[in-house]
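Below are structures written as structure tokens.
One chain, chain A, appears in both complexes that follow, with chain B as partner in the first and chain C in the second.
Entry: the complex of A and B
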């Protein structure tokens, strides 16, 4: 695994963790994990690596991606971007656009425009 | 076709496959989705199309209008000429049960005239492309549906398990609606609970969810009556949905599927579950959702029962005020809040004068009427944020959050005068009222005791008066 890929995973892991915990505040952990599962399923055909996301009652993690060093992951940045976009679009239906936008802005501010 | 319930398909991978097929067949292939929207890009460079559409995708409105009209009238396939003069073959993709989209095939000859032989070549190539693409799509669809069903069933299992173990009504309502929006990509999802002869929308999520919350529909409304006249779910048209009270302005696309599930348990109607989805759920989807609805009915029945019992456990039946048990919790909570935010809490202790003799003289039924009327009067003298409790017998306690001693005294005087001036049956009713305001370090017991002592002092000093213990 190239250093750049590792960096991308680390950067997005922090972002996903923040997104997960913010969503769980409003939706609860079960609905949040269901939302993650839905988005993973949607993207898994195009980006098989998304199946390596680990999620459960404790939160979300990219650890399995980081340990699979022998595999080369293409389009990681694109995969994470698509994940975040799709996630937020469903979140908007659940929380209303206003609150979803609040969460998106908060994440953008904290992660310096990563999404 | 890009991302819907029927087929989750990667456009990029599809394009690679389509381009390869185009090269092998030496024909241009182009795909539209089931709604007539462009899905893929031109596989072979047809200069005229590129020029008109300024790229590889159909964007020109005249072209789009032409194709959509063609798709609407198309049965299976058709050979035609586009408004720009290009001969093309159009096929409907999918099967007799489900339309997946449309395929266009052209030869790379632009607008050059077609003879009989060329037409036969186009038809043959289009047929072969159709057979290949349709088989690939069917296989993908099957795989997708299996994936979705796995997701659906897993989610239904997990949620049903959780739903029946949660007794907080709000949480159950949230779980039901969240899951349906996520699993089925619903535009709108709502749950109505039965309250008497009405269905009241207790939770609604999705695009226009905020417009539905709190709406009440009579069980005798023809649409609702139809929903509950059968065990199976009812499919509604947009017009039928809009006939329901308060939702005439609801924005729902005419292509959506609107399904209402009646929620029943052995005890009767619990409520209804409504879902508005952009694409048909199909028979399997509806059956899976029925399982979900059955669990939802049980979970809602349990949670509603618990919620009612909790409400009854803290309410005084005669006056509707909080009872003595709930008073303790409420006052502790207010004292904690007051300590955190640094504002005062006052307590007014009210004891109706000589109530025992009223009961003994005019009977307990008459006494109950006085208690009810006194509660009404007290309620009319306080703010909605104040908390009224029946302490027991003819004693009432009012908690006034954020109210200092001076204002609490004014409220107490208002109650005193209102009771004294009200024409109660048989004789005048007065009260002895004690007022106490919280001090630093006050506990539930100390504050309540000081207000009680003040009330006692008011009684001792001749009744029908307010005594301030500050």
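Entry: the complex of A and C
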């Protein structure tokens, strides 16, 4: 796997973890994981690597992705972006746009503007 | 807020626009209370708008019967089945493989069909499959989470008794609860709906009548007088009867926007007096509506012609509208609502209910009857409609009882008609008991009904005839 791809995975893992824990405050872990499951399912046809995301009661992890050698830098970047966009858009419907926006801003602040 | 518009007559009005999207709604009631039809009506209405439903039954045989029973309703549309409405069974997998497999199966179906609505019919059957409350509660919790995350508005149908509604765990997870039940009134088997809970939106509380016909479900919202003080502009104009003596007694006619109770014994001429009031308005270009529970439009037209009043042109032009509701068919819950809607929709200036006694006789709950009249009265006043309610006084020779049930309290004006004995004959007298804002005539006056109309005669000169 390219070094750049590894960097992306590490960077987005931080973002996803933050997103997961912020969502869990409002939705609970069960619903948060169901939401991740939904987005994974929706993107899996286009980006099979998204199935490698690991999630459960303890949170979300990209660790299994790091051993996958097929993914290119561009694919990963696009996949994560699509994942985050879709995740936040559903979250907005579930929690209301105001609260979803708060979560999004918080993530941006902590992640340094990557989403 | 995103809402699911049910398309059910008046239900969206009660819910201030519809059911909040992604909510979990329990539809409860005894067998035959209309739960399944209500939900089916909603999903077919939604399907026509492109909304997709996954309908999960818990006893597979019932799917066939259910679809067959639906065919008689106008909302049913064959071509929506399989495309916008998908039926499947959840009961078998629950019974044979347990709750977690059932949830997995539900998840797979959701991924396959991506429905906007999921119906489970019945959640009560699922409850009975669980050995204990704890496991059922966990199943419900997981179910609720799954449905929410997939942005699904759900209906969980169940045969619950009213006393169960606050006790069982399914009602804690529900965002909305619709409870349907029946009640015997004097003549009809009535169906009512109460919304016991609806998170995220205001809704009209109390029991709402609903009917099931080939049109599907039609809801008639509960009518109640508004709690707040009624503010309305007081008009100073007068609305005449076109009966010179009577208009003089009233100080120039009825004050615009007031309610008048015309009370009298049978045959005393209440209906004619009220009809004359509308004819006079029609001749002045004012729209009038006569709601009759006693005589049909044709009967009234014949009666009017015997007094030299030709109302056919007014009826033809729509200036005068006579709505006859047979007292046998009179259903106050429904018709009171329809009357109010009619007053709001049409620019009515003069309005008659003949008689409120028929209204009263058709309802077993006196409180409800009073509420309905108050509510109608409020609408009339807000719309500045000048109205007459006739009321039957069962005691032919007594003027003391104006109306039963203190309904006279809603009237701004009271005109009473009564008989008096005079030697071997009977004469008719009329009096104005009350005329708000008018220095009205306090005398009793004799009147006659002839082929040329109603004539007010002189003062009653023999007070001893009054008993």
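Quick note on the criterion: the second predicted complex is superposed on the first by the 109 of 115 C-alpha atoms of A that agree within 3 Å, B and C clash if a C-alpha of one lies under 4 Å from a C-alpha of the other, contacts with A are read in each partner's own complex, and residues count from 1 in each chain.
Everything below uses one rule, namely that a residue touches a chain if its C-beta (ideal position, glycine included) is under 8 Å from a C-beta of that chain, and two chains touch if they have at least 3 such contacts.
Keep in mind that what you see is a predicted model, and the values were worked out from it rather than measured.
Asker: Here chain A is shared; do chain B and chain C fit on it together or clash?
Answerer: In the superposition, chain B runs into chain C.
Asker: When the two structures are overlaid on chain A, which partner does A:105 contact: first (chain B), second (chain C), both, or neither?
Answerer: A:105 contacts neither chain B nor chain C.
Asker: Going by the contact rule stated at the top, is it chain B or chain C that touches a larger number of residues on chain A?
Answerer: Counting residues of chain A touched by each partner, the higher count goes to B.
Asker: With the two complexes superposed on chain A, say which partner A:45 touches: chain B (first), chain C (second), both, or neither.
Answerer: First partner only, chain B.
Asker: Counting clashing C-alpha atoms after the superposition, which of 9-17, 135-143 or 297-305 on chain B is the one that bumps into chain C?
Answerer: Only one listed stretch clashes with chain C, namely 297-305.
Asker: Touching chain B in one complex and chain C in the other: list those residues of chain A.
Answerer: 27-28, 30-31, 34-35, 37-38, 41, 90, 93-94
Asker: Where on chain B does chain A make contact in their complex?
Answerer: Interface residues on the chain B side: 3, 8-10, 12-13, 147-148, 151, 154-155, 158-159, 162, 171, 174-175, 178-179, 181-183, 185-187, 205-207, 209-210.
Asker: Using the touch definition from the top, list the residues of chain C that touch chain A in their complex.
Answerer: 2, 21-22, 111, 141-142, 145-146, 148-151
Asker: Help me check something: in the complex, which residues belonging to chain A touch chain C?
Answerer: Against chain C, the touching part of chain A is residues 27-28, 30-31, 34-35, 37-38, 41, 90, 93-94.
Asker: Flag every residue of chain A that touches chain B in the complex, lowest number first.
Answerer: Interface residues on the chain A side: 27-28, 30-31, 34-35, 37-38, 41-42, 45-46, 90, 93-94, 96.
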